[in-house]
Amino acid sequence: MTESSTSTSSPSLATPTNVEDIRLQLRSWPEVEHYLQSCRGVIVPLGSTEQHGPTGAIGTDALTAGAGALEVGRRTGVLVTPAQAFGMAEHHLGFAGTVSLQPSTLLAVLHDVVLSLARHGFERIYVINGHGGNIATARAAFAQAYGTAASRGLPGADRLRCRLANWFTASPVIKEARSLYGEREGHHATPSEIALTLHLEPSLASKQRPLPEAAPAGPIHGPDDFRRRHPDGRMGSDPFLAQAEHGERFLELASAALAEDLRQFLADAEPAD
Amino acid sequence: MTESSTSTSSPSLATPTNVEDIRLQLRSWPEVEHYLQSCRGVIVPLGSTEQHGPTGAIGTDALTAGAGALEVGRRTGVLVTPAQAFGMAEHHLGFAGTVSLQPSTLLAVLHDVVLSLARHGFERIYVINGHGGNIATARAAFAQAYGTAASRGLPGADRLRCRLANWFTASPVIKEARSLYGEREGHHATPSEIALTLHLEPSLASKQRPLPEAAPAGPIHGPDDFRRRHPDGRMGSDPFLAQAEHGERFLELASAALAEDLRQFLADAEPAD
Amino acid sequence: MTESSTSTSSPSLATPTNVEDIRLQLRSWPEVEHYLQSCRGVIVPLGSTEQHGPTGAIGTDALTAGAGALEVGRRTGVLVTPAQAFGMAEHHLGFAGTVSLQPSTLLAVLHDVVLSLARHGFERIYVINGHGGNIATARAAFAQAYGTAASRGLPGADRLRCRLANWFTASPVIKEARSLYGEREGHHATPSEIALTLHLEPSLASKQRPLPEAAPAGPIHGPDDFRRRHPDGRMGSDPFLAQAEHGERFLELASAALAEDLRQFLADAEPAD
Amino acid sequence: MTESSTSTSSPSLATPTNVEDIRLQLRSWPEVEHYLQSCRGVIVPLGSTEQHGPTGAIGTDALTAGAGALEVGRRTGVLVTPAQAFGMAEHHLGFAGTVSLQPSTLLAVLHDVVLSLARHGFERIYVINGHGGNIATARAAFAQAYGTAASRGLPGADRLRCRLANWFTASPVIKEARSLYGEREGHHATPSEIALTLHLEPSLASKQRPLPEAAPAGPIHGPDDFRRRHPDGRMGSDPFLAQAEHGERFLELASAALAEDLRQFLADAEPAD
Amino acid sequence: MTESSTSTSSPSLATPTNVEDIRLQLRSWPEVEHYLQSCRGVIVPLGSTEQHGPTGAIGTDALTAGAGALEVGRRTGVLVTPAQAFGMAEHHLGFAGTVSLQPSTLLAVLHDVVLSLARHGFERIYVINGHGGNIATARAAFAQAYGTAASRGLPGADRLRCRLANWFTASPVIKEARSLYGEREGHHATPSEIALTLHLEPSLASKQRPLPEAAPAGPIHGPDDFRRRHPDGRMGSDPFLAQAEHGERFLELASAALAEDLRQFLADAEPAD
Amino acid sequence: MTESSTSTSSPSLATPTNVEDIRLQLRSWPEVEHYLQSCRGVIVPLGSTEQHGPTGAIGTDALTAGAGALEVGRRTGVLVTPAQAFGMAEHHLGFAGTVSLQPSTLLAVLHDVVLSLARHGFERIYVINGHGGNIATARAAFAQAYGTAASRGLPGADRLRCRLANWFTASPVIKEARSLYGEREGHHATPSEIALTLHLEPSLASKQRPLPEAAPAGPIHGPDDFRRRHPDGRMGSDPFLAQAEHGERFLELASAALAEDLRQFLADAEPAD
């Protein structure tokens, strides 16, 4: 791979930039056109709007995905789209405030987002996800988008690649969570994600209070089944353990890991014909 | 209508609240459950992610809808969901950075959002919109949602009402824009919306520069037609006229008008059977 | 624009033709092929099949849209397809006889109609609409059709334009209705539309009878909400004021206004490459 | 079956009525509500808008279905909805003027039409069809509609029945066509259907002219395949044989046969619980 | 047609092959690539999984379609895909064990199967069907697939042809069934299809027992209507008459007839450009 | 949980049964009705029809899923539906013979299968899967099905649970594959799955031959990207290592592991209200 082709696959990766510089929302279209001359990558934050236990914020997954995406963008210089804050949360619909897209709807959303970006020449779509319930549908959407790109004969269809990166499953994050919380990390409304929201939104601290033992984690099915098994919305977690400083650390760990992962994703880029 | 029925349709409207208090993302599910005992209204900001001329921000419509929604929420005490930042912008796809949902996709998104909220007992869904291109699809989605609510036999289906409020067509906003910019307000990448983004995101000021006369506004069709008619993305507008202080004023005018409109929308509520 | 390009965008506009000559249903395919050499425009009447109060005809919107379309076609020489008589009338489903397509269905219908016509080389699709409830969905369908035409690489995709024209909102029509009926025009089952049906279908005169004050107009939501607010289906209207001669006049006014609007829509046509 | 149950399943079948009386479009909703007390049947004409050879009218299938439906309605007193004039004609899209709904779209249309009618209490939906290409999709739509009615728990879901009646395959029609035209009846743009249009629309007579031998009929596949095999759109037919008087006779034969078929369809009705 | 074009349209038809040789499941992709050099045909078995009366196997339609397809493949050397065992059986959902795809779903399945095969160069898709309820939807799916192939500009779109062949309506099969069972053949859970399953799966013999007179056949509507009219699932049939030897004979008759039909379908092939 | 409730959630688990006894295809509807009195579980095999390298069978994933399902059924006495042999294989469409359902289509298929089974009272749907590409879509489909079951008010909606079990990721299988093949197991067209097909279909042995080093495994994107990276279809695997005896062992290991997993899935069942 020639030097110029490397340069087409990545922005000035060495130099962290301002958050303003990598928010797609704050760019103009000529700036994006210019950006595409040196980088074909873009970050799409994907969250959810769903209950997070009796003390956690309903926006936890979108807040954390959005913050992680901006920090990864800042470190890598890769553009970040606005977050898709509504995700697939059908199983949480038994709790007030949850807003869910059906899987078929979220599939269509991500399909359209990928196709829009691919039309402009983006070839590496890096989705930073904050919600386990989105994983399956997001992957299905990528497959659907590849198929559409190919059947439409979109230029660059064969170079289009999407990647799903869950900040909460980055190995340094999991390691730190285990170290801090052990088994009390649980599987939903976890102290690690709650900690990150405490760091991002200090007002949330006032909700923190000791909670009884949570119902244990288990497989996830429909909304009524979920609420019966997990009456307060938690799955084996103790969010009272969360602290804002932990959250700051989680953001650092996740961003570092995902930034490295994104760099490799971009480096795999092949020169345009 | 009895006093108690009034009180079920509205929060303490007299007292403006903190923004944190009305962001659904920062609430827990028990807080939402409690909120629903006194108010059945909710605000959903709807934006778009699309080119706004050579100097405007791609996120203009989502930034402005989001800010307007939070301010209306603060004034009325009505909960605000996160913004749906991707909207229907098919005609802008000829410009780099635009991300568009097909009308059928956006229809499904808004349908699912409304049905999710209605399931919890929300009966007044107030969509604050920042993009003209969303209007038709949003209204179609409301009709689809009413139909689904009825055919599913959802409790409260007959009390479910959605309302679309475009901040940029509020009459005090239009009046002020005419007064400030006259004909140079135009129809896309207008100085009024750009001014609002300058107020919200000071870093955008650096993009401002004088521009040649814009192509005149006209009907909107497909992406290639749009780009041919409007080569730099503007429709008859002169965004260089925009100033941050104007934006502050537009936010004030829009929020006041929409808050009043929302209060009437809520007051129309009827007591549950 | 050269004379020849003008001639490609329009039939012999000066000479009103027989209704038979402009009904697509009465043409053969070679005649349509020949027609396309001098005009790329076509009229699509769009109606609805829904209750129109206790004395109005269920077919009002399709009858009026169809008659208006034929008259506009006769005056301009532009071909008229058969009417799509079923429209989006979900909110009227609480009244016997209403037949409604869901918004997603009507969107698909109009999408397919536009794509079929565009495939043959039609570039100006002029939808004459008789029902307010269709407006949002029709506009969403146009956007969807433009997107499909572009992504399919349809020749002429960049020249394809659709326009929605509501006969009942043509300004001479509104002016005349205000003059004849004042506030009693109302918003559904209006005397103006009923008058037009009396002109078109004399047998309807026998249904006319004085009615009590109608429920006032208001926003439109779901079917049960609609029926509760508007128990006899009317929205603030007094259809007993309607007379067949008024209807004749409305047809004249609407057709003249829409014919002029259509001429401008066609004149905007650009020559094929 | 008791007399009263018979009376609920059928209008005054003995007395032919005026066409105006059975056009749903010319009824008001209270009249439909009243009608439903004595008859649960309704006729839906289904046509197509597609090429019918070099001399046939593009509207043939909708014109004939519509006329047949009105005549059957007149003879039986059963209500007739407006015609769905756009059908499934994908294979004719190679000829100018053809307008086709994709099968998935037509399926949705008929599904929604049936569900709308079923909601009001109609239990016998009798679709009079003018186009062979609609048959498969219409039947699929009926199955989809039954399924939706059942899964929605629609009252009367178990009594809902749809029936597809093709006027052109009624045995007296086929017999007469064979007698008049023999093998030259062919399979598309047949003299029998053309004759019926000549009866209905005298202006069409001017298109009639001798044609060369048509390409033989064969299986129907995609549009390009169709046009290659059938360059002028006909399938083995000689429409020049058609005469208006034949058409009058076909209308008589088809209407008599279908009216009898409809009576049996209605007689099978069971009393409501 | 030249000899070479004939050879491209058909494998060595004279020589029956092993079943292993024509099962697509047992081929590798290079073998399929090689096969396509001499034959563009492929067989797709389509069944259903639905009740077949009190003694018949739920898998009857898939078992018989699959066996017929393999035997036709063996005789003609044409490749056979695996069976689509779930079909459209909405009307049988009132009986335990029935698994049904909605018409819109089966339409999508067959659409995707045809498009997948067409992409590889298959031009003759021969669907051997075991269930009457699939017929309409399969035909609708073919039309949808032709349309997609054309609008995608798929190479060979104009040569793509699909054909539906129901083994149970092959005329030698019908003749034999009439001869063996007369009127007691009926229309669902027929002795002919049950006989074929007895031949294929000897263990089924133990279910055979005399049954009371079946409810008479009639039109098919929704699941509850079906169960009420046909309480044990049979439609006028006497499956106790079925014998395994009959089944062997039916398989022979059906395979011979369909193999001949398939040969003609392939012979109609035209040379690639 | 009482003894009787345990017995309602499971058949006589101690006694392996004949394969014929647990094939849904070979049961009658009264037998299924009877079965449901003692067990609410059912196994659905899910495969794919896609290239498996230059020597592997296209049906590998459906053959192995089907065989595994039958063996698990035999060991547990749980009913097994026919296999869904077409899966989501968009990325393999660059190789002849691959048949793929789009993710949205497979989602609809599994949704309809689950809803059909749930309607009869099945509450534990155990999908035994043979293809990694199906995983995401299958999980999305489960979420969609739970949502539909809940919104339809299906009895037992809150007890409906689906579980996806991939035979090839059962830990004893992975351990054995690592032991036999080490790194040469690879990720597609693996020796373990090929071995299983050699055991099931001895005729496949003739395809086995030494192959050059495979392209290394990597992330999966669109079909053209896949073929460019993996020119012969393999991902880092050496299928020549596969032997039929290995396959027998893999079947044993997978079936034992999944049978145990299924027993636990069933034991979790709760008594009906």
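We just call them A, B, C, D, E and F in the order they show up, numbering each chain from 1.
One rule holds for everything that comes next: a residue touches a chain if its C-beta (ideal position, glycine included) is under 8 Å from a C-beta of that chain, and two chains touch if they have at least 3 such contacts.
Please read all numbers here as calculations on a predicted model, not as lab measurements.
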Fill in the blank from the handout: Chains adjacent to chain B and to chain C under the stated definition are A, D
Exercise for the section: Just grab the chain with the largest centre-to-centre distance to chain A, centres being mean Cα coordinates. Expected result: D
Practice task
Look at the interfaces A-C and C-D and say which one is made up of more C-beta pairs in contact.
Solution key: C-D
Completion exercise
At the largest C-alpha centroid distance from chain F we find chain C
Problem - Euclidean distance of C-alpha centroids - chain B vs chain F, Å - result: 46
Handout entry: Rounded Å distance, chain D centre to chain E centre (Cα mean)
Key = 30
Practice task
Give me the residues of chain B that touch two or more other chains.
Solution key: 93, 100, 102, 104, 108, 152-153
Problem - Touching residues on chain D, where the partner in the complex is chain C - result: 18, 20, 23-33, 36, 47, 49, 51-59, 62-63, 81-86, 93, 95-102, 104-105, 108-109, 111-113, 116-117, 119-121, 201, 203-204, 207, 233
Practice task
Over in the complex, which chain E residues touch chain A? Could you list them?
Solution key: 152-153
Fill in the blank from the handout: chain F residues touching chain A in their complex are 88, 90-91, 93, 100, 102-104, 107-108, 133, 135-144, 146-147, 149-150, 157-163, 219, 221-225, 228
